[in-house]
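The data blocks that follow each hold one structure.
Two complexes are shown next, each including chain A; its partner changes from chain B in the first to chain C in the second.
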Partner chain A sequence: MTEIIQKVKNLSIGFKSKKGEEILILRDISTNIKKGETVGIVGESGSGKSTLALAMMGYVKHGLYTIGGECEFNSSNLLKMKNRDLEKIRGRKIAMIPQNAGQALTPNLKIGYQIDEALQLHSDLKEEEREQKISELLNKVRLPSPETIALRYPHELSGGQQQRVAVAMALAGTPDLLLLDEPTTGLDVTTQAHVLELLNFIAKDTGTSMVYVSHDLGAIAQVSDRIIVMYSGEIVLEGPSRDILKKPIHPYTYGLLKSIPKLSLAGLPQSMPGSQPQPGTMHRGCSFFDRCDFSEEKCKNNSPQLEYLEELNTNVRCFNYKSLMNDSQVNQTVNKIKTSLQDKEILNLSEVSISYAKQKLLDQVLNRISDDNPTVKDININIKKGETIALVGESGSGKSTILKSIAGLLRTKGGIIKFDQNRNLSSDLKERDPNDLRIIQLIFQNPDESLNPNHTVEEIIAQPLKLYFGLKGEELKKNIIDLLQKVRLGEFYMSRYPRQLSGGEKQRVAVARAFAAKPDIILCDEVTSALDVSVQAAVLNLLQQLKEDFGTTYIFVSHDLAVVRAISDRVAVLYQGRLCEVGPSKDVYQFPSHPYTEVLLGAVLEPDPDIKPKLVAEDIVEEKPPQKGCSFQGRCSRILGDICKSEVPPWQITNGGNSIRCHIPLKELQKDQIN
Partner chain B sequence: MKLDNIYQEEKKSNFAKVSEIIITMASRPSGFIGLSILIFHVILAFISPYIAPYDFKAINPTLMLQAPSAEYWFGTDDLGRDVFTRTILGGRTALTITFFGSLIALLWGGLLGIFCGLVGGKTDDIVMRIVDAFLSIPWILAMLLIVSLLGTSTEVLIPALGFFYGKGIVRVARAATHDVIAKDFIVSARARGHSNFSIIWNEIIPNVRDAILVEGAMRWSWMLLGFSSLSFLGFGVSPPTPDWGLMISNARGLMSFAYWSVIAPIVGLSSLIIGINLTADAFAKALGIDRSTKAPV
Partner chain C sequence: MLFLIIKRILLGLITLFIVSLITFVGTEILPGDACTTYLERQAFGEQLEACYRRLGLNVPAYERYVSWAVNAIQGDFGYSLSGEMPIKEVLGPRIKNSLVLASAAIFIGIPIALILGIVTALWRDKLPDVAISTVTIFAMTIPEFISATLLILIIAIWLEWLPGIVIVPTDVSFLELLPNIILPVIAIAMIMTAHMARMVRSSVIQVMASEYVQMAILKGVPYWKMVFKHVLPNALLPAINVVALTIAWLLGGVVVTEVVFNYPGLGRLVIESISNRDLPTVQALAIILASIYVSINLLADLMTLMLNPRLKTLQIRK
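What follows is the complex of A and B.
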């Protein structure tokens, strides 16, 4: 029997509401973390997973308090300890890696100094030994040339490198337990895969126990031995990670796995209805009752207890888990997307280039943009009516920039944006007439920011209706109710403010606002990345349904290749503001592909312990596109030599109609990729 | 963590919103004290002409510098006028002029700040440099110049004070606008093609209103102090109108042997300023614009 290093016993944490009611954020949590084990805690936002992780280091957020239970570490209860004693444990015995390393590092102190500080606090090393230790730590987290990195400031490092520094700092005290709160969520796909691989290595190498908190089952699948699934402040399922991901015996986990889009399956996954109950609104019965496909009458009034199943070594909180045990595999059914593609071209970008460079005075006076190496260059895309085209790439690939220019929010340096074959759209908002503005609408990534917090839903949706159609009074109200129904929201939402809605509901309101203008083209900028997985599928399905109803064209920007696979007809892969590959989505996801597409596809994390990401290229971040040659030359693992550095690669067309921009002949591209 | 938003709230009428804010303000001891002082002063300003026991300008040489007594509660001044009468009437002018002055300051400062924040670029640069230039002029000198050129009538004082105290609000409003301007809902309104006016009115003002109001309330107390300083220097209201600044100025030489003639206006002025300050503080806290929130760890 391995040693247990952290014991959570009947832990409940909550707060007092204004009315004096006690509202529970965590409800009666019990679990053990063994030595050397990596435990993944998954759940939607608001499920209490971060609160649990913080309690494991004896910290309860301001405003919350412990209602009952304990967190035992080395047989002392952390939650009852004095701050002075906790300081001795935090950092030395239990370390934490935060979500956003960029914010966790002090911006005006050098990396080396910050690690040194951690070492001074958490180890007894002398000064000379510490210096040695710093480069040792930086080496361990695989940062190139530790000596130079130590002399840099945090802002001089990329997101992935910052996260590595945070890992190095956490390891400074050689902790027994490492808590990771969404450590890869803000990172690019490729970087994410690299950081996870590093964490895996460290877990094995040092024997540290890890608690990995994330909403992303894909990331959890790659690192954890055991998974705890949380829902509404309770543990609903706990067991070995393989069993949970392959044969989930709790309806919530089952539904969750079904709603995640996968690379191997085109089409939209089924969504889970409803949303997680708000803390304090549940009084009896199973908290998952109203979203559950397997619920019975008794689930409504009786709360199931966590039940231990010896043969599976699993804890489950459900009356009906047996019916799921027989249904062994997660049978993912997808709604095939209907292509409403028409032959008519609706939007044409030709030779579009965009520059962010600060313009010289002379150019400012002449009102022109001069930059011989612009951020975005050579963009030629034809978009057909009714099509969903996705722009994919890492952050900095220029995908959102292109979107902004189409919307008229960012002036282009050159090139033509043509609507409906004959109308030139100016890239300057002021030069577009109201109709040009109406035909293109935007949906943003984060509905918290895209909806004015001081407007009701009614006011939000009324805006485009008033502006473009001049609707008033009863007619306006009728139209708003109509639109709300189209996005599956009831009439009573009209008087609500955005803060009273859940993430998915907010995004629906944003969708309704976009459709209110009766646009021809909708630009979707990462519309699902701020949403929970179970909600993501619902929003994607809604978008698809609306597209079929209205014949709208979508330009869909995303970094998530699985989501893109699910919804798009055609995909354009971008790197450093240059196109790498354009083609029908089924062909882009098959080989041969551009080496960069291969990197992206390899790095996708699937919620399956058997599918490991393939790390093809280094996760270096390039600041500027190269002056000459192929945009991907700096990271390409298959670089041919001088030709890649001096000449822009030609477009090669595959049998499937997929255009790849690479010097390597198609046959050779394919050969290596299949092996 | 948004713990308070968990309960669904219905759309409230403006009246309900305002009364809720006032109740929240009064639920804090400092807010309660501030509000009580302010309300006391405002009521006093309204009713003082009716309750004043004597004529404020009745000079009586036989009653010069009488100590407080049952007849003259706060004593009399060097011209034999009743100090109590003059004190309760002394806040009226100051309160009225500075209240309207603050409104003007709020209006032009707030709107210009929001406009600069929204438009940005060269317009913003130019306007802000002009505002900076004005900020560098000592306001009291400039006020003295204006007052000596145009006189000390209310029609001069209100806009002049409003102008000089609005400069600071421009900066606050501009900064508050910058906070919301980058949000997607503004981008979205722009992309839809709304006019600048519509963006300011519908999208920005509801989100910066609170910050500007709090700043305006703070400016009010500063302006009150400034106005009283002007009176003290003889450039505010003209005698014999009762005014605290003027009273303090007249009686300051008599402080050693007739303290009562100066204490009463000082207490009046400072309590009003403290009252406004505490109220503005409580107002900011009630609106949730409290900068001194606790650090998480």
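What follows is the complex of A and C.
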């Protein structure tokens, strides 16, 4: 048997509530991390996974305390150790790679210093040797020109580069165990795939054990040998990663896997009802009881114990796992979406360009915008009534910018946005009349910020009803209750404040508010990215249902290609504010594709250890779109030569009705992509 | 960077111009003028005319503003009414005295404030924090005229250690002034230090809770190294602007304290010239106080800019 390097024994961590009750964040966790293995810890927000990872470094956050149990490293309990001794272990034996490197690097210290600090603390190298080592480390994490990077401040690097610096910093002490807390969550899809590939390489190269904490089963699937699934502060399932992803024998994992949209399947995934109980609200019985499809009477009052199944080398916490053992291929069944597409055109964007450049004084006087290379350019899209069109691309692709212009939050520089063939919406908010405002509504990414914390749900939903329809009294109340029911919330939610709602409930309120205006078009800006996976599926299903009921048109912005695949009729791929490819979603997801679409599709992480991401292009960040030629020329792996740099590529149309903007003939595009 | 400095200086000058206009217009609108105040009951006929001619008040307002402004730039603010002394000579010693008082308060108060703020933040919710925080909140809430009066009562009257009020001529030498300023400095420093210590405390606490400090701990950086390298430089940046405002407030004359201690500084001069309706002096004081505020804030902004790498790159990129 291989050597165990970290032993977690009966660990419980919690805090004292205002009433003096002990509330548990982690409940009786026991597990072992072996030398050289990568363990994935997966769970939704609030499941205690980060608290567990920090405890493995002997760190308990301000306000929490250890109630019982230990984290044993080199046969000493880290949780009882003095700070002075911990300083010798942290960074040297166990190192952390944080979630958000942008926040985790000290803003006033140069990159080189921050790595040097780790080297000074954890090695005996002399100054010149350390300088050498810094370059080596930055090279190892594949950062370009290490010497100049070392002299920069954290804010001068892109998100992906910051994350790589954090990896280099963690490697400086040559640790035996690396803890990674959601290391790729804030990154673009392509950058995420590259960072994961780097981590895999490092695990193999150095033989370091890793504990990889994430909510994203797709990322976990790519790196881990073993997976621990956490729910409500407990381990509910633990075993070899392939078995867990292919044959999950715990109902929660089973439901979770079914609720993740996949690239290969068009249609909406099945959602899991309810949400994870808040810490402290637990009573007797299984914590997953309320949401479980396999529950029985005894689950209500008895908590199942973690049971070890020798033949599977798996621990499971469920009375009923056997019923899943027989039938547990996650044959994902999807709810096929009905298209409610009508022939009528509802919104037309022609030659739209948008610029963030500040107007100079002369331009202000002449009321013109002079910017020959605007952020968004040449956007031509026809949107039909009842259609769901998705705009996809990495950050900086201009997808949210276009949304803002349609909503009137940002003035267009050129081109026309036309509603219903006759109404011109190119003007900004101040010049639109109330009805123009009513027909287009927005749902934002983060309901925590888009709902006023001082308004009750009733007030939030009442606002558009009063503003656009002048409703009052009983009628107003009736309408609010009606809307709440439409988004599957009961009448009793009316008096609640946003802070009393879960993330999914908040987003439902935001959806109800958008529909209150009876809009023709709803703009959805990353509406599910702040939500947990199991909740995401429910919100997507709700949006689809409402669309079928009301015949609304959605413009859906997302960076998640699998979510887009699940919900949209048509997809537009954007790079640097220029369209690359537009077409029906089933065709965009098939080859031939624009080289950029190919990059995006290749980088999607599926919760399946057998599907590996393909890394086609470098994940460099371009600050400005190129002046001439194809927008993707800087990163394209299939660049033809001068023509791509000097001429804007033509639109080519495939058999499926998919338009691709590329100089490479379609046949040749397809040839390479199939290989 | 240079462009930015020039731009900020220009903006400062525009501010001063507007302030001078407002004070000039304000003094114009007020009923009565320098001559009627000076001549009192004799303010009519020949005498009034002569006075107007002598002070140059017989020309249109805009001409007077221009000539006043031109002189003011050269440091000549005209004549004070009480005593008919050049305002320049009235102001000189007052500015010096205020500077002495302010710098004494700054050199004592700011270091103490920083230390108290940092200590309370690092020992948050422990004994040192609870004790110091109670005292600072107490010091913050007592108005300075009460603390000043109490200081006079206890130290000057009961213990007879120091003079209670300043009864020296305005232009004494520094050494003679020294024993006189101890009590006023304590009175001012108390309230100032308390405010600043609270500010520094919350700023340090905020940084201590940041992800990069947690990261530094998890990297194995020893506690004090972490405090000095990762916490303080980031926590004290926002303090620069507060310190600047405090210094400007001190130089601008701590009116109440100066009056209580009869201290011959700028603050008392403000009160005196207002109650004497000495409009030329009020005008001069307004401009001088405005310049102090503008220049100190300008300095603070430039310092923040130099010390904060984030702002620096932002400016260069623009």
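Operating definition for what follows: the second predicted complex is superposed on the first by the 673 of 675 C-alpha atoms of A that agree within 3 Å, B and C clash if a C-alpha of one lies under 4 Å from a C-alpha of the other, contacts with A are read in each partner's own complex, and residues count from 1 in each chain.
Here is the rule we use: a contact is a pair of C-beta atoms (placed from the backbone, for glycine too) under 8 Å apart; a residue touches a chain by one contact, two chains touch by 3 or more.
Note that this is a predicted model, so its numbers are computed, not measured.
Of the two partner chains placed around the shared chain by superposition, chain B and chain C are both touched by A:Y59.
Once the two complexes are overlaid on the shared chain, A:L615 sits clear of chain B and of chain C alike.
With both complexes superposed, B is the one of chain B and chain C in contact with more chain A residues. Legend: residue contacts after superposition of the two complexes on their common chain; A:M325 is shown touching neither chain B nor chain C. Once the two complexes are overlaid on the shared chain, A:T106 sits against chain C while remaining clear of chain B.
By the touch criterion defined above, A:L409 lies against chain B but remains apart from chain C after alignment on the C-alpha atoms of chain A.
When the shared chain is aligned, chain C comes close enough to touch A:H122, but chain B does not. When the two complexes are superposed on chain A, the residues of chain A that touch both chain B and chain C are 59, 62. Of all residues in chain C, only 209-223, 229-230, 233-234, 307-310, 313 touch chain A in the complex they form.
On chain A, the positions that touch chain C within their shared complex are 54, 57, 59, 62, 83-84, 86-92, 95-96, 98, 100, 103-109, 117-118, 121-122, 153, 155-156, 169, 173.
Residues 15, 17-19, 23, 59, 61-64, 278-280, 407-409, 429, 432, 434, 437-438, 440-442, 444-446, 449-456, 463-464, 467-468, 495-497, 499-500, 513, 517 of chain A are the ones touching chain B in the complex. Residues 1-11, 183-185, 187-194, 202-203, 206-207, 294, 296-297 of chain B touch chain A in their complex.
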